[in-house]
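Given below, in the form of structure tokens, are the structures.
The same chain A turns up in both complexes below, where it pairs with chain B and then with chain C.
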Partner chain A sequence: MIPNRIKTEGLKKEDLKIVPDIERRQFLKMGLLITGVFAGGSILSATSIVNKAFASVREFAEKYPYKPHYSMVVHQDRCIDCELCMTACVKTNNVPTYGYRTKILERDDPKAADRKREFIPVLCNQCNTPPCVLGCPTKATYKNHSNGIVMMESKKCIGCKTCMAACPYNARYFNEEIGAVDKCDFCFSSRLSKGEKLTACAEACPAKVRIFGDLSDTASDVYNTVHNLEKTVWVLRAEAGAKPNVFYTKG
Partner chain B sequence: MAENATKTAEATAIAGGWAGVRIGVLQALHGTKGYYAALIISGMLFLAAVAAGLHAKYIGTMHAYGASREVPWGILISTYVFFVVTSTGLCLVSSIGHVFGVKDFMPIAKRSVFLSIMTIVAGFFVIAFEIENPFRMAIYNVISPNLTSNIWWMGTLYGAYLFFMAVEFTFLVLNKPRIATAMGFMGVVSGIAAHSNLGAVFGMLHGREFWYGPYMPIYFIASAMMSGAATIIFFTWLAYKTNGERMDATMMRALNVTTKVGILLICTILFFTAWKFIAGFVGGEAKSAALELLLTGSYAFNFWVLEMALGMVIPLALFVLSRGQNLKLIAAASAMMIFGIFFMRYDLVIVGQLVPVYYELGVNDYAQLLSYAPSAHEIVIVLGGLAFVGLTFLLGEKIFSGHKSEIH
Partner chain C sequence: MRIKRLLVLIIVAAAMIAAYEGIAISEDETIGGGDIVYSKPVKSVLFSHKSHAAMGLDCNACHDKIFQMEALSAQNKPDFNMKGLYEKKYCGACHVKDGMAFPSDTQCARCHIGTKGFNKAPKDAKK
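Moving on to the complex of A and B:
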């Protein structure tokens, strides 16, 4: 119950300057609680008591189910909608013109004090409990056991589109050329499997919006952003219960 | 001696059963002009659907169908749901008589079983054109099953269901009621399991608030009984019209009790629907938006006129007014129900997808609700599915001589 309430607050009261200091501090702690819940799936119990969980960082990290546990942190306020990420994605992964693996959403707030518009990059959240994988009748889409990426084995796809209906993030489309549903795989087949360290979108971004890395590595940027007490980190559509691995923050 | 006599009697009955079918085939060649016209029209519609489906596959379903990335399931899915709900309902209603032994329901049983087979085949026919790679399905459903997938369970259990129903019907024709009853029972079990899984296909999508929850499997089973009652009433009436016969007292009694089942189930579904709305408005913004589409939005006509008035309220009134005796009222009510229920399935499948997944995020891209309209290809395939049921019903009446063999 608590995470849901906090999540809503996190979305609507983003300007933390107006919150008194003590409350702000508590809020941030609660923010971490949410992060813990959605980060690793199995780390729920470890983060249910924030102080205890952070008493031992190593123990915390070991609860991540995958190694590497690929993850992305999106610094939402840095995005300027240049769409270089989208172009790089299309080029790298041969995405057809009618489909997309990543997109930038726009949100307007006419009453905002400074910027009136913000941009929210979205992509497959590589969820820990992915509704698409749950629903696929033939295991054509599956959770990779070593790195946690939600992948496709196209030859098994019957084209029932249950995964498309199931996805809480609209991350899937039917690729007519390969006759199967297609999606973001964190550039695994096009880049990571060939030794590259970043996804095409993360590499192409001139504003360092997309930070990609291994959440189980305590030295990684993603780990240190997600586990930073001074940061508010959230996920999209937490209520869907899919435990996504794409996190959002500002600053 | 007694054993021999029984065997001889059985052999005679089996021979009689097949002889009846042979005579039926010959009878099918003798019909009125209206009968022929109906056969030809439904046959042509069915062929047109095959052509439309193949053409859609050839040019790509993305171009041929109205579905999209955001609304991936269209009228073919809802029509599939319509057919399999009807089939399961026919199986359940017929089982009251010949599986669970309530004599009053016996006269409608054989036609119900026949129609339940034809409606599920029609469902498979329609969905074959929706599924992009049905051939892969045949292979990977077997060698790469995902046991957490409700689609997998539904497909597999409906396969078993079709088998049991087909065997049951065969033994009904052969006058072997014991095996038929056993198969009927297996059909009921697999039908309920399959059908609740179909509900769960929607109910277990935890990213889709309109469907998510245990409501759907329960609603689907109750709704199936409602469809089944309406369908068997309508087709029994139509059969007697087609064959130009008067109903005897036992058949009238069977329709009378089926009407009561209809009344009970309409009330049940009205109750379910009321609570879905009352509970739904306490939920999130996205769910309320979907419900508002039905109550006051672009689906209000579908909901109030087709689903509520034609599908339930008017038939309920007509069933009550008929007192289970006035055939014209009963037939009109059941026809309206079938028509209304078709749109009930349509609204359920489509409206569940019209609220964008990012709706509550407040982004410009998804500030509006989505839309879907069936394409010409999809409509022809749907009509072809309906025509298939019509065609096989007409042929079945003649071939199996009005499905009259008594079950004891």
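Moving on to the complex of A and C:
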């Protein structure tokens, strides 16, 4: 139903600049472009630009440098810390008890009105500009040029742990058994390279917290969640400037 | 007229007794079975007798039509899961859309305390 239109014919049109940027942006997120301002900003006229605004995301997709561009969206508020993801990861990738490739952080907010507890799954963010790769003196860790996964070549690792110090996400540990640093590779070695479509953690999750997929594929769930303008999507430690490929959202 | 006044008096008295009982329950930490920590089908879910009784629910509200008296007996049933709750079983009797309490498909971590919560919980609350 179209709501009643307010007649603006008799009113004097005012300068668009009096509408604050933030308000204009809020309208844009709804797919509306403000075209006129009346009565000191209390009346606005707007036109729909949904097709234009949403069509432009296609260009955005071309910015993803890898094909497939593996990515994960974490629906944070769905996590219940059952840790079935961690169990699956440990089993799939032979992770020792003293290390981890993924884990669940816990945060309490005693001031919250209802749900005072929050669980946050963390893992390697497979950054586009990975500080660990920049820091590695032997190129033992590198960015896979076809799928963007940050990989380890264990035999080149000298155990200097520079990468561990460089990682903004604390996603690396030194594996005593293999004598090299180990990390999450989105299950590339254990599963993806063998034809599996999902990481072990994403498959094991009973609450659909971890959505894994190809960010360069406009039909994928990860693409559609990250580009849903109505959804708030964020990354961890954005200030590190590493351009992570693990995104977080709620709902 | 006198009957009417008497009736009002009775109602007021009943309300006062109920209110007093409500306070008594909320102050008693060991009401009912204390804290119950379920570990199946996932680790883990905390049920607090105290906070439920403090809202004015009496034992009969749940026992033993919805939950048996024996602690943790529900988690051995195959339908003790989210699907069962959505079908108004167990917690879902109240925790359902348009029900008495917040729906089961919202505020996940309000009841789910996770593996970390399970490890922190006192031994007598879990099996």
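FYI, the second predicted complex is superposed on the first by the 197 of 251 C-alpha atoms of A that agree within 3 Å, B and C clash if a C-alpha of one lies under 4 Å from a C-alpha of the other, contacts with A are read in each partner's own complex, and residues count from 1 in each chain.
Convention: a residue touches a chain if its C-beta (ideal position, glycine included) is under 8 Å from a C-beta of that chain, and two chains touch if they have at least 3 such contacts.
Quick caveat: nothing in here was measured; it's all calculated off a predicted structure.
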Please determine, from the superposition on chain A, whether chain B and chain C clash or fit. fit
Per the contact definition in the header, classify A:242: touching chain B only (first), chain C only (second), both, or neither. first
Have a look and say if chain B or chain C is in touch with more residues of chain A. B
Would you sort A:106 into first (chain B), second (chain C), both or neither based on which partner it touches? both
Who does A:193 touch here: chain B (first), chain C (second), both, or neither? neither
Quick check for you: in the superposed arrangement, does A:218 touch first (chain B), second (chain C), both or neither? neither
By the touch definition at the top of the document, which applies to A:94: first (chain B), second (chain C), both, or neither? neither
If you take every C-alpha pair with one atom in chain B and one in chain C, what is the shortest distance in Å after superposing? 10
The intersection of the chain A residues contacting chain B with those contacting chain C is 106
The residues of chain A that touch chain B in their complex are 98-99, 103, 105-108, 120, 122, 131, 133-140, 155-162, 164-170, 172-174, 176, 179-180, 236-237, 239-242
Quick check: in the complex, which residue numbers of chain C touch chain A? 42-43, 102, 107-110, 112-117
Sites on chain B touched by chain A in the complex: 60, 62, 67, 69-70, 72-73, 130-134, 136-137, 140-141, 144-146, 148-152, 155, 201, 204-208, 284, 353, 356-358, 360-366
List the residues on chain A that touch chain C in their complex, please. 77-84, 104, 106, 114-119, 206-207
